[in-house]
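Handing you this structure, nothing more for now.
In this document, chain identifiers A, B and C correspond to the written order of the chains, with residue numbering beginning at 1 in each.
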């Protein structure tokens, strides 16, 4: 019946029906997990870089994500151009990030983490209310851009939204670019040096203030990019940044603070575990429990799964999978 | 000849490609002051950290009073009677001088799951603390906040704290560091008084102090022991002189 | 000097709290009784956090979780028809203690930023757990049909009685924690905050003491949660939302960290400010947020410190 090209569709047809369906479901969840994972990576990468270089914990990072989503949604609705929306989101986040950095963070660099946490908490309250004031309390709706609408046939009979595949692709591309930036360019070398010994970099005559601002702008851009891409998938509303933020923290803790590689691995791990858990725990439990119990226990356990994973990893490696060296 | 109180066997540690402890085999007899000297970068502080339990060696073993303590954590070693003073004074800055020493007494006065009685009024903690403070000459400063002390006084406070734990072995990492001649002389006097009562491993750059105090001296260069013996033997050792060529004795 | 001022501030505050219900009811404004009860309950929560934060230096960003556990203990038992007050409170306390033990056992293996993030994550986990339990109302929360039953001892259904019960609990806790702070255990906790490396070098096995403090703190907060459930006759995941943890922490800072009475003032300040601002404008968070930022950036010793002329220990990062 389907004329579209299918990857490996022929193979699947050899398997008995239920197995094929199960495999399709698993593949779908793997992809959902990967899509969520790359978005988490974009958030976590910024956070871990900022923490690694500037020793600053920034709760308002979620607000930058939210700003990206809101500006992208508003720009897209007004102009119809997805590209313009992305650019606007990036510009807005960088501008906002710079403003926060100058007004608030310059004082916070020297302070203990408690102060940083509390001050950025205050910022969150402010920004969450600000978007309500500008755009109202109801969620904004962002359409999937036309050129990315529709589905791709992965395996026969299983369409997967093109947009989500695009998000995965974009996320991986950014991850690669980030890796190249950090590992292969002079700026990247300064960033790595700064992460390992700030005072030395300063003593060598590098403009540390500029470096900090650049790193912060980079982090903000990554967050905004994630937010903009999230627009068509998640609800664009006040407070949307915080749940992603906390998961980004989980990713950083699992991956190891300051490690981009750790953030990447951990983000994909977290995304996939989460997706699989939500999809398959309830049916799995239902196979040996009553349906009523499974209906409660399934979602409950699924929502806790990532944190249990984090706890398990911490018990074995308290510094994460790729701990910072020499600290 | 009494059995060694502290002994290391082929202790090795590297950081990446850099070897900081190179097959160090050290023997410290009970009651002696054993000085470890060497140029900067010789790995002396790293060795102290390994002896104290802060750093885990890559290979080799450490023995204290006959028992293998290589795997023991720092707090456990302290409970066995190994006390340490740090290169950069490590005290409780916000507390009073007396509080600082009383805390040290508390560490070895049973468990601290006591939630009701005021510890500041507990004679079992305060009296021994005052005695130790008198010994190091800080009795008048008992109520001052530790942060208000001079550098030399802070170093003395740290010595008081380690003494209050009634240790069998003291690991002293450059106790004379940053001290003017008067304070340094006072510290030497104090340590000399403690001779025979406490075994000491003393890392120092101040050669006057070292030769005044040490019963035996071990010389380390680039993580490896190049000589070990009595002060006279070390003074006459050609290799040692070569290692120190160009370095003025303090 | 400051001892006298401390006693004065504390004395006046407690006296005011003692007579407030009578005045409020006489003036025909029962709302204030509820508000003050709420303030005192959060004062208890803030006090519990100050123990480990102000004295122990442990930045636990997930304390609202224990508030929620305490509340849900009462709510869930009531849902199943178990309304005995002693039983509900016992479960609330034990459940919070157990949760704090488990969370602490994992979190305390880390320190610094890791610790902050992990405590935050675990609190979020419990929030999602509560949200997903549809049988107990999920996101909508759970109505509690009647307050905890203490028989003829007290009637928690009467607002004035509940007020005085909460006040009594607060007073007892203030006295107990004051003893605790000066005990061997209390000094140890403060020593860990001051210089943990030195504590370990002296021979203290610091982990077990940190864990004990953490459990104690969570348990007291759970007690506050059980009281909260009786105040609102409602429990929902919103109690455990991570912003709630941030609010409790703000109360500690506003009032004055590491002072035990500071958190009480901080809770009053925060909740009064919130009540005032939300009455003035629906966008009150846009005002409260910047106020918090300013307080963190420029204030040192909180409100209590301001009143008594004392300095506290917040500020610069060490080394």
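Everything below uses one rule, namely that a contact is a pair of C-beta atoms (placed from the backbone, for glycine too) under 8 Å apart; a residue touches a chain by one contact, two chains touch by 3 or more.
Remember, predicted model here, so these are calculated numbers, not experimental data.
A comparison of C-alpha centroids places C closest to the centre of the full protein.
The busiest chain interface, judged by C-beta pairs in contact, is A-C.
Put simply, the C-alpha centre of chain B and that of chain C have 43 angstrom between them.
If each chain is reduced to the centroid of its CA atoms, chain A and chain C end up 32 Å from each other. Our note on geometry: chain A versus chain B, Cα centroid distance of 49 Å, whole angstroms. The set of chain C residues touching two or more other chains is empty.
Touching two or more other chains at once is no residue of chain B.
By the touch rule above, chain C contacts chain A in their complex via residues 53, 59, 61, 106, 109-110, 112-114, 116-118, 120-122, 124-125, 128-129, 131-135, 242-243, 246, 249-250, 253, 283-286, 288-293, 296-297, 314-318. On chain C, the positions that touch chain B within their shared complex are 179-180, 182-188, 190-191, 194-195, 197-206, 209, 212, 313. Residues 52, 73-76, 78-79, 83-84, 86, 90-95, 99, 103-104, 106-108, 112-120, 122, 125, 161, 165 of chain B are the ones that touch chain C when the two sit in their complex.
The residues of chain A lying in touch with chain C in their complex are 51, 57, 104, 107-108, 110-115, 117-119, 121-130, 132-133, 242-243, 246, 249-250, 252-253, 257, 295-296, 299-300, 302-304, 306-308, 310-311, 314-315, 318-319.
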